[in-house]
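Structure first, then comments.
Lettered A, B and C in written order, each chain numbered from 1.
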Amino acid sequence: MLSNVDRPRAALFVTCMVDTLYPHVGKAAQQLLEYYGASVVIPEAQTCCGQPAFNAGYRNEARKVARHFLDVFWPAVQKGDVEAIVAPSGSCVAMVRVFYDVLFSDKADELDAQRARDLQPVTYELTQYLVDVLGVEQTAARFSGKLTYHPCCHLLRELHVDEQPRRLLSGSKGLESVTLPGADDCCGFGGLFAVKNAELSTAMGRRKVANVEASGADAVVMNDVSCMTHINGLLERGGHSCRAIHIAEVLTARQGKDHGKSVSR
Amino acid sequence: MSNRTTEARAEILDRLSRVLDKASPLFRGTSDLRMPEIPMTVTRSEGDSRDLARLFASKLAATGGSCEIARQQAEVSERILERMRTWKADGVDAGEILSWAPRELPIPGIEDDLERVGISLFVPDDLQDEPVRMRAASAVVGLTSAAAAFASTGSVVLTSAPGKSRAASLLPLHHLVLLPTSRLYPTFEAWLKELRRGNRLGDLWRSNAQIVFVTGPSKSADIELSLTLGVHGPRVVHTILFDDNP
Amino acid sequence: MTVDVNAPYRQRVSQALQDDSLRTALDRATARLSERRAEAVAAIDSARLRDEARAIRQSAIEDLPRLLEQLESNLIGNGCAVHWARDAAEATSIVLEIARRNEVLHVVKSKSMVTEEIGLNEALEENGIEVVETDLGEYIIQLANEPPSHIIAPVIHKRVEDISELFHRELGMPPTDDPAEMCGAARGILRAEFLRADIGISGCNFAIAETGTICVITNEGNGRMVTSMPRVYVAVAGIEKVVSTAEEAILLWQAASRNATGQDVSVYFSMSSGPRHPGHADGPEEMHVVLLDNGRSRMLERAYGDAALCIRCGACINVCPVYREIGGHAYGRTPYNGPIGAVITPLLADDPTTVRDLPFASSLCGACRDVCPVKIDLPRLLLDLRSDMTTQGASPKLERMAIRAYARSMERPACYRLLQRLARLVGQLPLRLPFMKDWTRTRDLPPLASKSFLETWGEE
């Protein structure tokens, strides 16, 4: 498969939310990439992809942030220092792969549009990279308790990545999965929607929480910490014992400790 | 056309022409799709005329209608009488059937056959005439044929002409359709293709004040999505399909 | 009705979210409609149908002026009168004029969103003309004095009990839990209306340019009644409804039927090309078609042609997680709700800032785009509308400031790191920011990590 000499080099785009709130998710992502054969670089000047501003309708501001992203990651790809950019987030990768074209559609932004186009084919969500590029089919992760998987909307419908995370979960013998009712339903985070339409976002999230409870799972796994923050926020406030965990942490779980201790804190 | 609407017309067409002249993209999503030469055939239908007849019957039944298949034209009259007897037993007493003119029905002599059992055909001449309208509205059975029918959906085509009232298939609760298999097509698209090839499509539409595709009995699911038949149109649609090609 | 369509957006949403029986009704109905749609669509080559439907609609929009002229010419050749209206006021005054000339007192209508859009019923009633809605769902909401809450199922928000109570109150009908009984009562009442009405008014699902034809989809038969029984028939058609050929209309009809209710086809597809001919027993003596702009040409001018492709099937509404929580009335005084409504309502509004909340009433999950039979990228349109709103200055000041601050920090790593450290110093995320309260009212917040990932593991 991969020779030791030939390790693919990936730049880790950790994303602003993981960086600020869930550094252990970033660490788990790095560990997974290295364990399965990639050599990881972590450009220190990285910040954010620009999605919060873009989703809220502020394209000038989004462009500023996106340009910085391109400034950080494009040279490494262009020079051949790395072959891929990997992020533990479906929505951030979708921002680069799908929405940077929209953001830089004006003729005046052609150079940025070209840089974006250069990066798009090599920008991956974590599980997408693990399965499609590194060829991972299972892990030695062990988790005590039942897991259920929630597909985040951008991952599912913008990137069409769904089989990969499911395969990693079902293929890992130490993990027990149960089906999530209404899995494809949006959790209600939606970026600024979560605060601009807080009541509505909460109603949608409570429906997701009810489904998670109904599944009988001890933890709900997902690929985006944005959804995770929203769902966990409701699980905790609602006094539920179940928690939402990022898939990187599940896939690196070893000891099978109680989930409350090993998850993203 | 009034001055105002002429003005409106000019402004609207002008605006539209200017937008399209600009040649800047109108669409933000997928735009590189090719127009089909002929639109696809949406539903599936295959087999010989017997298969088509059976498919038609089963599709119509699935919508809540019903269909019987007569082997030959000579049987049909008796089947109509039998149907009227069955309905009468169910309390549907059709002393007078609201009907298309006998010349528009594909069963010669049907008027006399019905007369013999005390059922008359009422062929309205003008529903704007109050007494005619009231008489038509009191009918419980309507009798028509159809210009064409489609096996893949159980649909029939009703066209309008003197002697072919719209009311006959619309006002009464029971609608009886006499359908020769020569008019049964596999799908809508097959019929349209034939019309188009024969250069008859445009004329058929333009010369018919109204063409209706009817598929089964009238229905509504507006109240909590629970299905009720016979809302404004017929509740019972019964087709007698017969082979007119011995 | 618990949701006041005239109240501000936030209030409407709140009212809807507090109405448990509304949410139960919405849940059941949208789930069932989505299931039926999924079955109907799985039974055919739906990928191909979507491509063809989109291509047909697109090419019609690209050829709009020529097709409209062809439509008009054929309609006139068939004996119709064709009128053009730039806006709602012109359209209603055209219909009023037709009504006046014919000394009309009673109107029957089949379900038509475009006539709701222009406020036709109010305009007629203000002039002493009685208007009766004949689609069962529309009849019910007319009795209840409410607007429709779904473009296909106008009374989706009411349960059997609600309708029974309404019939009891307005029609003196004894209470019942049997929908068939209520339908039967409505049938009797509306049958009399069909037979005595002077004018029938319908909308238009598709207009066929090649033949000069107005197509109306119904399941109940009221579309046939309205277009056949009264002496005068008026069809109101948005200019974007035109297609070139009968084959195209019939393809779109099948796409609409499957996606709207899961039927292979609707029970009736009425194609009216002109008034009755000499010797015909029935049919209108006069047929009028009102071609309505009311913001559609402006939609195209602003390059929102995708929104004009819509064939009004409602599939997007039935899969929308937002609609399922709040229903149609929460979208305000508009007949168009759900995802397509959140796009079309601002585009057709004279002043889009009056409906500025609508493009933001979405989490952009994309479920709508997956089901649209003409492949409209609704999330993309919503994003574009949001951008338009902020460019036009229709955004809250505090929010704008926060976004600017965010952008400024994210542009400069040093700034970004500093902000993270400051936040940690303060001990928590800046809870005093107004939008933070919106979060914490119902949800816990995670603590800030004591050190960021990049601080711990980042490298040059």
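We take it that a residue touches a chain if its C-beta (ideal position, glycine included) is under 8 Å from a C-beta of that chain, and two chains touch if they have at least 3 such contacts.
This structure is a prediction, so every number in the text was calculated from the model and none was measured.
Here the chain-to-chain distance from chain A to chain B, counted in touching steps, is 2. The most distant chain from chain A is B, comparing centres defined as mean Cα coordinates. Among the chains in view, C has its Cα centre nearest the centre of the complete protein Cα set. More inter-chain C-beta contacts link the pair B-C than the other of A-C and B-C. Averaging Cα coordinates per chain places chain A and chain B 55 Å apart. A straight line joining the Cα centres of chain A and chain C is 34 Å long. Mean C-alpha position of chain B lies 29 Å from that of chain C. Residue positions of chain C with contacts to 2 or more other chains are 380. Looking at the complex, you find that chain A touches chain C at residues 14, 16, 18-23, 26-27, 30, 41-48, 50, 52-59, 61-62, 64-65, 67-68, 99, 102, 153-154, 156-158, 184-186, 188-205, 207, 229-230, 232-234, 236-237, 264-265. Those residues of chain C that touch chain B in the complex are listed here as 25, 28-29, 32-33, 44-45, 48-49, 51-52, 54-56, 58-59, 61-62, 64-65, 68-69, 74, 77-78, 81-86, 90, 94, 97, 134-137, 140, 153-155, 158-160, 163, 179-180, 182-183, 186-187, 190-191, 194-195, 208, 210-213, 219-222, 224-225, 227-229, 231, 239, 246-248, 250-251, 254-255, 261, 263-283, 285, 291, 293, 297, 300-301, 303-306, 309, 375-377, 380-381, 384.
Here chain B touches chain C in the complex through residues 1-2, 4-6, 8-9, 11-13, 15-17, 19-20, 24-31, 33-36, 38-40, 42-44, 59, 63, 123-128, 133, 137, 152-153, 155, 160-167, 170, 188-189, 192, 196, 201-202, 205-206, 208-226, 228, 230-234, going by the rule given at the top. On the side of chain C, the complex with chain A involves touching residues 13-14, 17, 321-322, 325-326, 359-367, 369-370, 380, 383, 385-390, 395, 399-400, 403-404, 406-413, 416, 420, 435-436, 438-439, 441-449, 451-454, 456-460.
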